[in-house]
Amino acid sequence: MIENQSICLAYETVEKADHSLPLLTPMSEVAGRMSVQEGARFLEKSQGGKGVLLGGVPGVRPAKVLILGGGIAGENAAQVAAGMGADVIVADINLARLRYLSETLPKNVKTLCASELRIKKELSDVDLVIGSVLIPGDKAPHLITRDMLQIMEPGTVLVDVAIDQGGCFETSHPTTHSDPIFVVDGIVHYAVANIPGAVPYTSTLALTNATLPYIIALATKGWQKACKADPALALGLNIVEGKVTYQAVAEVFDLAYEPVEL
Amino acid sequence: MIENQSICLAYETVEKADHSLPLLTPMSEVAGRMSVQEGARFLEKSQGGKGVLLGGVPGVRPAKVLILGGGIAGENAAQVAAGMGADVIVADINLARLRYLSETLPKNVKTLCASELRIKKELSDVDLVIGSVLIPGDKAPHLITRDMLQIMEPGTVLVDVAIDQGGCFETSHPTTHSDPIFVVDGIVHYAVANIPGAVPYTSTLALTNATLPYIIALATKGWQKACKADPALALGLNIVEGKVTYQAVAEVFDLAYEPVEL
Amino acid sequence: MIENQSICLAYETVEKADHSLPLLTPMSEVAGRMSVQEGARFLEKSQGGKGVLLGGVPGVRPAKVLILGGGIAGENAAQVAAGMGADVIVADINLARLRYLSETLPKNVKTLCASELRIKKELSDVDLVIGSVLIPGDKAPHLITRDMLQIMEPGTVLVDVAIDQGGCFETSHPTTHSDPIFVVDGIVHYAVANIPGAVPYTSTLALTNATLPYIIALATKGWQKACKADPALALGLNIVEGKVTYQAVAEVFDLAYEPVEL
Amino acid sequence: MIENQSICLAYETVEKADHSLPLLTPMSEVAGRMSVQEGARFLEKSQGGKGVLLGGVPGVRPAKVLILGGGIAGENAAQVAAGMGADVIVADINLARLRYLSETLPKNVKTLCASELRIKKELSDVDLVIGSVLIPGDKAPHLITRDMLQIMEPGTVLVDVAIDQGGCFETSHPTTHSDPIFVVDGIVHYAVANIPGAVPYTSTLALTNATLPYIIALATKGWQKACKADPALALGLNIVEGKVTYQAVAEVFDLAYEPVEL
Amino acid sequence: MIENQSICLAYETVEKADHSLPLLTPMSEVAGRMSVQEGARFLEKSQGGKGVLLGGVPGVRPAKVLILGGGIAGENAAQVAAGMGADVIVADINLARLRYLSETLPKNVKTLCASELRIKKELSDVDLVIGSVLIPGDKAPHLITRDMLQIMEPGTVLVDVAIDQGGCFETSHPTTHSDPIFVVDGIVHYAVANIPGAVPYTSTLALTNATLPYIIALATKGWQKACKADPALALGLNIVEGKVTYQAVAEVFDLAYEPVEL
Amino acid sequence: MIENQSICLAYETVEKADHSLPLLTPMSEVAGRMSVQEGARFLEKSQGGKGVLLGGVPGVRPAKVLILGGGIAGENAAQVAAGMGADVIVADINLARLRYLSETLPKNVKTLCASELRIKKELSDVDLVIGSVLIPGDKAPHLITRDMLQIMEPGTVLVDVAIDQGGCFETSHPTTHSDPIFVVDGIVHYAVANIPGAVPYTSTLALTNATLPYIIALATKGWQKACKADPALALGLNIVEGKVTYQAVAEVFDLAYEPVEL
């Protein structure tokens, strides 16, 4: 791309003033909602799980779902898990975010200020863990380590929504829709790298809803005017006429960084 | 009453065809709602409780409330406990009732088909237990025995709504609003015999709403016509002109029973 | 069973005065909730479905779910489908039931008085159809006939919860958890005969919650006293000491029928 | 106003840092809520509409309401339409806004990322369209053009909340409370220019709630100090001592613009 | 009808075992929902009302709506009024009914055990009164008498859903959709005799949903077998081969009554 | 502290860019929720109150709760009061805040744009008043003056959550958990200075959730780097090496102020 003098914009660095990433949000929404659907499926006995129904039935306890990370994906996972009748906990370290979630999510969602100790305490009777924590521009932290698998009951299901950033479980490695799971120490791991690919109808619409306004701006104004008019879009510029214009990318590849303003 | 030839109707034996007890229901509603309010109060540290806030706050777990019995009192207790944000379990052996409750109560109420084993499993981390089980015309069963107190953490609070029928905790004995609690093995017991007496404004209205139609019927038609016209009211007749007309009462006092129809 | 003089009680003929079937209800609840979970899974593109996410995401339409039959299974299916964010229609011919469902189900459930014409009108843009209609003691009616499959878009998913009674889609035939689906005219059919078998932990508890009281009655009182004390249980008697005591069974097998009272 | 040296503040240019217009918001709230009430009325057959009840009844489909624009007016319209039991779609191009609305509005509201194509697709079976899109400081866009009226069924009702800014339907022209509607190509148009005027009790309180703090500031501090202390109020200054201090106004009237700071 | 030997069934006497009237229920649902829509309209200042918006807006109080009677019509009125954001009170003398309504209606509905005194107390600040009380087979009671109009503020709106049974306000007389209201002592009366006629699309479907099963039974089995098979339908028989078979009708017209069984 | 050259950070001046006070928020949440629990308790007759149950029961009106101030404490008070079934009004002068509360709080909460006149109008039939208004860095305003006590009925309860800032009722003075109330003119005053102290388990977790990230930053980076990296924390610096670095504190104690940057 450097050689052929392309103008390259990266979806993941388009960033608004409030630090939201408008071109990643739609896939986080889809992945968050899908993660619970997939988790419910692999909780079925024939799939290797505990044989627990997410919502239980009247008189029988519902499944306990622990969602690590209350961002876009975690919020959407919580909506679906709660909607299916599970007993849901969303853990995050951002208290302001937990307050908002507690104001807007259904009443069968509890919020938890996350720490290693508290996560461990929840694992002994959990049925499904959704890992949706990521640190922007860095590898996802390992919130569930290998030794913590011992705390859980066999047949517990882990779904790693952060597998694209390395995964938030130590024992995760990427899988595919055709072979989605593997088992470590009796714990079922689901770590499909492209979860939204399972529902392309919904995902394509969701993604194009988000990208189209930027495409139109680029097509009608040209990249220079479009990026000048919209600082979020300008942050998406990674390579311009042979030069790396996004500092983190330059550093990773040990290339010279040149601010786009120049 | 037998001697002075009174016509005596008992509130507790007026009974509709669907087995509801229209003159007891209002006080069960008040007692059920009050029971959680009182339980929340005695969970305060200065009152002897664990120092736990029923609803927690975002990031901090809510209290766990176990309600034994899903009848009128239990349903009303669940409404208030759920409304205050607690994590609520209603246990009952009537599955059809649990289904109705799961359809109509807030989502932070779970239902549990009751058994001794399952109740024991819930006690180790419970904060508040509401006992609202009663067997019509019999002593309430002892759902929490003395040895089960050991399972609970010190400062756990028990509220016995069935104390008028002997109480549903083995260690219960009646108390009063001026001295409402006592502690056994570190567990706080609240067993005020007349809970609704604390809110006489509400209770009086609730009770007279239920009784007034019967009073008017008796006053305008006379007891004979009123009871003929309304089988529920007729079942309230306990003593008529010196004779015991309610079989269970006759048996308890070893008196002759004479059907009211005679 | 006739020869060895067994006393045989059938789960499916234990029937309460309100015509509810207490020993079938729990499996209907589980099957109803599972049906949507399975339907959501097979809507995934890689599973043969349309690639639609049940709840959509903000800005993208949710899937349309049509539930045929508003009984126990249909109500539970509607709860889960609505909880996952779908646009749900429950069709039934019982208006009183539809009224209750519209009072208690979430707001994204619409009710429809069923007729063949109206069902056909809904099929052209439906994503998932749950068939949960059965006629007690008879074969399920074929609500979706083969020619109606043409109305639906390819990748639409049909889940037949009534497959045990012959299925309520003309093109249904029983499948298994290891090979759950087949495709007819582009429409995915899921017709696992024992859906609750996928979640044995939940199903076993649900079923034993319902059966245990009857088991205890039979074990402690003997079958004769237990059946006398409980008319619902007495209806469960199908064979008694070599005689067929349930009329429908006698008729099907062309055997002599002897009322149990004799 | 220029000649008599007035100090003129315009409600519509008082603007907070978050671009909200505090003196217009209350009337948008009232108009949004009223728009559905008026739309429901003109859906009555005797008023020219389809004769459809907004919420349907159990067994009969509710009306379909399409709300164009998810701003203040659109959100309030959606609340009322959903509350009346309709099947509601809110269309907007702002995805972040749609996310918030999907978190906080009732479940019978769907969100749609707007485009001409998608709006057209919704029109063939819509019953009521609320147009509440406006571009600040510009004419409202024509979201429904004359030829699109053909797509709709006769008796469909259009309510144009943006009529003060020129209307967001091509065929709109302002009407009055005494003669509120007109019909074009079988489609009922409601385009009363001052909708909140129908409920002056509520509107006056709503408006004075918003204006009073500014009035008090002006009255106690004088306009100069009040505007210095509050940048939102300062933006309201349109004419100061004979000079036009709001650029857009100067341009429209081709007058000299002088920044208020001078 | 007697002379020409017709077989006459009356919609209003078809009655199920639970005393529900299946052929009147749909119109009660429509009328209940419409009553609030009409009430909201006539609360507009230009229509003679107080100029109050039913739901208020944030910071301004909502309208107060008093619904007299918690039957089908009253329940549906309460759903719509609450959905529009009003502060709603449902008054009834049936406590069991009020309990069900308080379990299933939105939280901005309060229930009130009705008495003349309590109704009077609510009138001084009420904005809209829906009268939906009727005594089966008798004239509706006058719950609001002429002198009680003095208690209300001018512009208060009364909607009389029971006008077909004589009306439940003393000052009511039937009106039409083309001239729906009249004013007595400053109070706006809406008493259209056939409210559902305004929404014929919805009403026709609602009514035929309810009647069609009976029509089919009559058409396929003949009236005699159909009425034998269904006691509810049999109660609908008013005139059979020249004889009056419904006692109340016979009495009103002073004709001989002959039980249909004969 | 000045003499011993301490580095002193004050919880109450740590302030984020959005003016939230992260170290005070948790205690406001606890106090807000507790305030209603305490208020409900003192509404009991035996505690001096009116004898009113907060949620009433079906057929009997709920208590009316007026919450002055819609900040963190007020919002949490409203959640609990609404959850207990009361008829709740939240009064505030910030319309944008009232809009958010009306979008997210239960439907039995009304919002009111506050003024002295309107508050007075609500007092005559109020049962419980929660005072939770404070002006940052200043004494709380006296929203209920002594003469306004006359408007209320004897046994009304006032809970002053702002007592630490001087109280928002003129007649408030601080009390303790062991002697929490006093009565003025028949009105019960609850003004415990440290409400969260009653539930130390919840309060400690809530507070340490908020403080721990700051403690860790201070411990690992040292105060200088930690404060440089986090402007919110830097605002917490009140005294640094003998100098007062927070202007308001310097002014109150008439000491020299030295900006921390120096």
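As written, the chains take the letters A, B, C, D, E and F, and residue 1 is the first residue of each chain.
The rule is short, and it goes like this: contacts are C-beta pairs under 8 Å (C-beta built on N, C-alpha and C of every residue); 3 or more make two chains touch, one makes a residue touch a chain.
Protein names from UniProt, one per chain: A, B, C, D, E, F = alanine dehydrogenase.
Bear in mind the structure is a predicted one, so any value in this text is a computation, not a measurement.
Common neighbours of chain C and chain E under the contact rule above are B, D. Separation of chain B from chain D in touch steps, taking the shortest path, is 2.
Interface of chain A with chain C: the two copies contact each other largely through the same residue positions, with over half of all numbers used appearing on both sides.
Chain pair with the larger contact count among C-D and B-F is B-F, by C-beta pairs in contact. Our note on geometry: chain A versus chain D, Cα centroid distance of 37 Å, whole angstroms. Mean C-alpha positions place chain C and chain F at a centre distance of 53 Å. Counting partner chains per residue, chain D shows two or more touched chains at residues 26, 56, 58-60, 82, 95, 104, 113, 205, 209. Every pair of chains that touch is listed here: A-B, A-C, A-D, A-F, B-C, B-E, B-F, C-D, C-E, D-E, D-F, E-F. Across the complex, chain D meets chain C through its residues 56, 58-62, 82, 87, 95, 98-99, 101-102, 106-108, 110-113.
Interface residues of chain E, counted against chain D in their complex, comprise 26, 29-30, 33-34, 37, 40-41, 43-47, 50-60, 76, 79-80, 82-85, 177-178, 197-203, 205-206, 209. Per the touch definition, chain F reaches chain D in the complex via residues 93, 95-96, 99, 103-104, 113. Remark: chain F residues 20, 22, 25-26, 104, 205, 209-210, 213 touch chain A in the complex.
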